[in-house]
Amino acid sequence: MSEKEEPRVGVYTCHCGGNISDVVRCERVMTALKKLDNVVVSRTDMSMCSDAGQAMVEADIAEYGLNRIVIGACSPSLHEQTFRGTVARAGLNPYLYHHVGIREQNSWVHKDDREGATQKAIRLMAAGIAKARLLDPLEPIRLSAKRHALIIGGGIAGLRAAWDIARRGIQVTLIEKSPFLGGHMAQLESVFPTGEAARGTLHDLIDKVTGHPNVTIHTRAELVGMSGYVGDYQATIRQQSRGIKEGFTGIDKLIENCPLEVPDEFNYGLTKRKAIYTAYPGCYPPTPAVDWENCNKCGDCLKSLNGERGLISLENEPHDFDLTVGAVVVATGFRLYEPAQGEYGYGEFPEVITLAQLIRLLALNGEKELVWNGRTVHNLAFIHCVGSRQIDGINEPQPDGQVNNYCSRVCCTATLHAANELRERFPAINLYDFYEDIRTYGRGHEEYYTEASKNMVRFLRFHDDELPRVTPDPYANGTGALLVTAKDYLTWGQEIDAPVDLVVLATGVMPNPIDDIIKLLKVSPGTDRFLLEVHPKLRPVETAVPGVVLAGTAQGPMNIQESCAAASAAAAKVAVLLGQGRVELEPFVAHVDPDRCDGTGECVTVCAYEDAIILAGVNGATKAVVTPANCAGCGSCVSACPNQAIDLQGWSLSQYEAMLDAIASDSLPVVA
Amino acid sequence: MTKEDAKKRAIFLKNLRAQHEETVERTQTLLKEQKAIRRQICQPMRDGPKTIPELAQITGLPGNEILWHITAMKKYDLIVEAGMCAEYYLYQRPEGVK
Amino acid sequence: MTQENLHVDTLVVGGGIAGMQSALDLADQGFRVALVEKEASIGGKMIALSKVFPTLDCCSCITTPKMSAVAHHENIDLLTYCEIGAIHENGGGFVADVTKKPRYVNEADCTGCRQCEYACPIDLPNAFDMDLGAMRAIRVPFSTAVPQKAVLDIENCILCGKCEQTCPVNCIDFTQQPEQFQIEADAIVLATGFGLTPTDAKKEYGAGQLLNVVDALTVERLLAPTGPYGHVLRPSDGKEPDSIAYVQCAGSRDTTLGVEYCSRVCCMYAIKQAMLLSGALPLADITIYYMDIRTFGKGYEQFYQNARAMGIEFVKGKVARITEDDDKNPVVRVELIDEGSQIVERAHDMIVLSVGMVPGYNPQAIYGVPIDASDGFIEIPSPNIAPTVTNHEGIFATGTAVSPMDIVDSIVMAGAAAAETAAYLQSRNGHSYKLPISGSMEMEVAHV
Amino acid sequence: MMANRMDPNLLIDLKRYGEKGAVNIEACFNCGNCTAVCPLTSDDHPFPRNTIRLMQLGLKDQILQSSDPWLCYYCGECTETCPRGAEPAEAQMALRRWLTAQYDWTGLARKFYTSEVWEIGSIILVGVLIALAFIFFHGPIVTDQVELNTFAPVDVIHIGDWIMALLLLFFLLTNALRMHNFIMRRGTKTKIPLAAYASELWSLPYHFATQKRWATCEERPSWISHLLLVSGYVLMLVIIVFFLPWFQTDNVYPLYHPQRWLGYYATIVLLYGAGRAIWGRLEKARQMHRFSHASDWMFPILLFTVTLTGILVHIFRYAGLPMATYVTYVVHLALLVPMLVLEVPFGKWSHLAYRPLAIYFEAVKVKAREMEQAELAPATV
Amino acid sequence: METKPKILILATLSGGYAGADSVGQLHANYPSNAYILPVVCPSMFSESFYLRAFERGIDGILLMYSGTDCPFKGGAERTAQIVNKTFPLMKEKGIDPRRLRLVAICTVCTKPFLKEVNQMNDLLRGIGPVKMEMAHAVIGD
């Protein structure tokens, strides 16, 4: 900073209408500061923030050619911005202004020590001047931002985010791993709290999204590469072949001819599907896809074709393509907890199923009576908190050694919703519900609990350390019926038996396995394995990686409403970031002096922000290079550098040292 | 302030008070009551710091009311805390405040 | 200074956390926003809280940056102490009639020095401290108020003129009158917040007459570093309580009170306060009487388990009655459901009613936005897919105006309202927001 | 612990014992408010939630073994404060009807409670039989002056009274015995020595006469009016069963004569008590009157009309209207007899017996426990 | 001239500095020899910065950081690490390690703020100027 212009400092001490001057002898401060090096003008004023006060500063800058301004007044939180504006109006770089707090930090807290307060004011102001001498003009970091967002995940959250972002005139590319859009919501029939048809609502949104000119959708596509920084990310996407060209018409025949039958994941394995399939009638896109994992390329499907062979290819030819995007929305969603073998009899008795399976069963089942395994279900028990609210030492840990100690948030209302539907459709059925706490928290949710009660669902409350047991019913005479036994705390701890034909486990929510995406995006999961936000209140949908935001259940269990709200909030953040086509960041970031840097890499080691500092070859030597877009400006690197080659712009170490010296100095012009 | 200004101001305030007669009167009564209660509360503190139940016993005023006045006075440094006696804080007048 | 009419893109009604966040998210996108708040400071209910769950952050530390950002944002006109009288439709947009209430303080000049406050002789119950502490007839609303300006309560003023004499910048102005002005806006975001379920309605809980039975917001103030007593003391006699009990669902899930829904936040705030209280009063016994513990949010269940591990006692059973013994100790009568259904009467030093949330404001009179007859909150016709869109085109709702919710959910929903509003504004002609030139990305037809 | 098997159908059956929509305990979410608010609940008998819970789960044996429903006097506090509008008090009421039916071995009680046709039909049938008996077997009809004892010879009527009383007692006692079996034999593990029965026997007439527990409830006026009703009722019963010749007479006694004022007292309190009960049920102002089962109407209406016809007989006799006296007398008996033979052992009236019995049984249990402990105590010291 | 100990308070903008504002709002009193400078995150200061401060005559340093509320990843941990590493270096130079103190102060933590300042002031009055201490240490060697 050798060729810096000679500092010409203007320094002003505010009376604050007596708030400062009643304690601090402002005139003395003014006189004392006049004697300091580089101080060209020193004045006081009754109220610096008034128009007159600000006009005075502007006039002085013009008249005396001031290039640094220091004002001692109220706390910087109140008026630092005001005076930056003043300075800017006078044609000076706003960062050549320094604000010293001498009201909250001085006059108001030393009322009975006028002399001490005056001396302190002089020292603080002198320190301010010392810093001002070293101030550099700064410019906000402006990055051009690609007005294009990548959304990972084509469930309700991803779709909702796509819709909101696209409507703001920003390009959206949505990638979905599976061949079909809609995620878990497509597998539901009616949804709480409205009872609306799930797929109806979903398809309204899909139609809007797919019909929007700003949206591009790639199914069977996954993120496989990622580099760059906020506003300018390079994403590599790998798309699997669909096997069947769009617009092919002989679909039914094609599927019919496939000899393979595999469990249909759409119905959670309750039914079978072919190796060429569509998720469900009316799904988007309507074109079937070849299930590459199961297809054995027998070619039977082709037999139904009459010379249209070009429309089908049984070779999966994944292809990669690159995309430049300004921001990424992670909407990778959730998967359901898979109960352990034997957990509440799951996998042991065929009469134990999950809630998701029951919902599909209800969709597939006829109207008269509920039939499972060829037998009519007269008695049915729900068990809550399966795979949720687990406790170390009581519940079987997951393969990664962890237990799900969180509440999955949606299962209570979903269970009661199913119970009410059962009662309405099969009035004679007896329903039992084994729970720990009923958590119908949302608007319109408690009504489901009330309704279920009215529907004569019998509720039994167990404690987390004594889980219900599922055993064959000794009185069932080999009909396969089960007995659910629980120590029921509503019946003063008595053991109660419920004889049932079907046990339904309300399984919890877990994040989808997205380790590869986590690695590529450098985002971090929390202890519950869901993706972590920066702060649940300050920045609830943003990750620590600039430009990477979270939507929906990738972040934690949520219902549809909450997923949509979170997705929209994420969209708002993307719109803020990319709406202007550029990103403007505060200039208070690390800055490397290449002359001093000898590439030890200490700064890179301590930096907690991915790619904020890297070592790179500069003119043949290894130097630290800061990517301002990724730097948070904490300054950890400053203390780590052995050569003092890296510093924080606007808050530099030398400035602090100068301030410290001014405060420590015994030779201040403290006049009486 | 010149004499004339002071006069103007006095007339202005008088008119204003006439305008707000009802609220001013009510508030003045409240103020009088407050002052009387506070005298009652502060009197016993001359013999040393007191707890709320002690003050309640001496003054016959309800504890919650005393606590409110103490809190109010404490906010503007007219009363300070002086340690604790069992589960109760002790209150006293700060030095220099009568 | 008179308030001029404004023309903005969006009018945000309510300066609590939801309103502030919506305003910021819109302003950051380049839209002009007018934020209207009826109180003298923004911050809403959140700024009165002590610490917030589940992170136990200092609440002020989270709220004040947002308040300050709102105040300083170049795209936001902040209008405090203003009430909206009526909203008319105007060619697809809206015109709001706003009344700016007189502060009797010249806002532009006031430096927030509080000298007037010190000079004022009148002490009044401080509503910000739930009436436990005092405030002067002229005061800066609270230490972190934004704007940091004094306001005079003329209804409780003796017009002694002491403030006027003391003010260093001569900003007291007894001549101020209510000012009328209009805000033209293309869209409206309602963030009118919540009120507490009334505790005096429940005669079994003392109908609000028992001094040591307080509501949870009172305890927030007791716990806040800037609270009225500076310690946790019970209101009847300033005793430091040894035994504190929480009564859950004291205003929710109860047909006899007409509030049948769950207020969603009470379990967590009770647990949080219990934890903070055991920090402030390490020897105190803390009990929470509950029906269901609903710790459903991210990190909430762990929070609950931590509280259990800390020794906070959770008792399943709805408190049926609260009475008072001779020492003004409140006594609960409850069935210990998990312990063999015994009926017990237990005396505590202080009882906290975990009151719930009711709508803070009925917008129907001036906006014509329908509310739900069953719960009084703003009706959302399609809550799943469009949780912030009301029945009225161009009007959006967010935060606790829509339903009870905690701060995290309010902030997320505020972002959602901003996204929805922004898209709405963009879809309209003649909006002030200039659509940036499309990027270099070619318009691709959706394909698979 | 022996596991209990739920019976989901019991609740459906139980609901038949309440007025339509009145038994709403499926709405209960077991918060415990009702039990904690109840002025009569105790550590040994925390109700009403415990009985509601048993009803919800259909644990029939445990319900049968419980005397708790009889300990409730329907003050309505629980219903008034129930956060879910589950009507706990009404559930107790319905359960008392169900228990009455369970105690009754003839099955008539069940028919009466669950079928209005059965209840009203049987009353009409018995009433018609009585009327027919008079039509065919009445004494000479003297028309120039009132000679009731000639029309209906008092000793014949008295014999009828005795037969009726014995019949009624037989059914009541056998039912009470079944109640004893449920509560005292199946419902307790402690062996109950006869001494315990003896030592607590005093409480049976005491509680029968005073209904003292009810006074613990906040609604004192109800207790007093009910107490008056009971006193009039018992007085009348004693008079007609034991002293009919003294009561039913053609002599006109002076006003101060006990025959006159006892009769007047009994009829006035009966009219007042029954009238108040009917009025209350019409008005529905108090919790206990909000729901009225057919059986709730039948008993006070019968009582009221019986008393009314009794008074009319008295008035017509004084007025010297022979035919009116005889006809009214027949109507009076046609109402009185079904009331006594049907309502007392099988209907609403039976609670008058079961309540003090339940209190007595519980007192005996406590006594037995005390005795057992007293026996054990020296050994352990 | 009276020799009051010099206390330097380095307070984070998101925590301690705002806390100092709140103390000011309360018009509370604390010693005027406490000088407050705002910092973004104290993790930028190395051990040598603190040593240099003591050498220049700062008698005590209060680091008022944001603790677990620190908005920067790893900022709080790194600050604590550096401070821990500074203590032995201070001892080497004969400086009482109590002269450097790291405390978490929130935006409305007025009472802890006052407590810390007063405690530090009392301590420094007790143990005397840092320059004397360092001089003694040199002689002692």
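Each chain gets a letter, A, B, C, D and E, in the order it is written, and its residues are counted from 1.
Quick note on the criterion: a residue touches a chain if its C-beta (ideal position, glycine included) is under 8 Å from a C-beta of that chain, and two chains touch if they have at least 3 such contacts.
Quantities reported herein were computed from a predicted structural model and do not represent experimental measurements.
> Hey, what chains does chain A share as contacts with chain D?
Chains touching both chain A and chain D: C.
> Which chains are in contact with both chain C and chain D?
Chains in contact with chain C as well as chain D: A.
> Can you check which chain pair, A-C or C-E, has more C-beta pairs in contact?
A-C
> If every chain is reduced to the average of its C-alpha atoms, which one ends up farthest from chain C?
It is D whose centre lies farthest from that of chain C.
> Could you work out which chain's C-alpha centre is the most distant one from the centre of chain A?
The chain farthest from chain A, judged by C-alpha centres, is D.
> Using CA atoms only, can you tell me which chain is the most central one in this structure?
Chain C is the most central one.
> Rounded to the nearest whole Å, what is the centre-to-centre distance of chain B and chain E, using the mean of the C-alpha atoms as each centre?
The answer is 39 Å.
> Where the CA atoms of chain B average out and where those of chain D average out, how many Å apart are those spots?
Chain centroid spacing, chain B to chain D, equals 67 Å.
> Give, as an integer number of Å, the spacing between the C-alpha centres of chain E and chain C.
Once rounded, the distance between the two centres reads 37 Å.
> Based only on mean CA positions, could you tell me how far chain B sits from chain C in angstrom?
Spacing between the chain centres: roughly 31 Å.
> Send over the residues of chain E in touch with two or more other chains.
In chain E, residues 18, 25, 27 touch at least two other chains, as defined above.
> Mind pulling the residue numbers of chain C that touch at least two other chains?
In chain C, residues 57, 65, 230, 253, 316, 337, 341 touch at least two other chains, as defined above.
> Touching two or more other chains, which residues of chain A qualify?
Within chain A, residues 77, 438, 450, 490, 492, 535, 538 contact more than one other chain.
> For this structure, enumerate the chain pairs that meet the touch criterion.
A-C, A-D, A-E, B-C, C-D, C-E
> Per the contact definition, I'd like the list of chain C residues that touch chain E in the complex.
57-58, 60-61, 64-65, 114, 143-144, 224-226, 230
> Within the complex, which stretch of chain D touches chain A?
Residues of chain D touching chain A: 1-6, 8, 11-12, 26-30, 50, 53-54, 56-57, 59, 84.
> Name, in rising order, each residue of chain E that touches chain C in their complex.
Counting only chain E, the residues touching chain C are 14-15, 18, 22, 25-27, 66, 69, 106-111.
> Contact residues on chain A for chain D in the complex?
So the residues of chain A touching chain D come out as 379, 430, 432, 438, 449-450, 453-456, 458-461, 485, 488, 490-492, 494-499.
> Report the residues of chain C in contact with chain A in the complex, numbered from low to high.
Result: residues 25, 28-30, 52, 54-55, 57, 62, 65, 68, 72, 109, 111-113, 115, 148, 167-169, 253, 260-262, 264, 292-302, 305, 316, 337-338, 340-341, 375, 377, 382-388, 402-404, 407-409, 411-420, 422-423, 426-427, 435-439, 441, 443-448 of chain C touch chain A.
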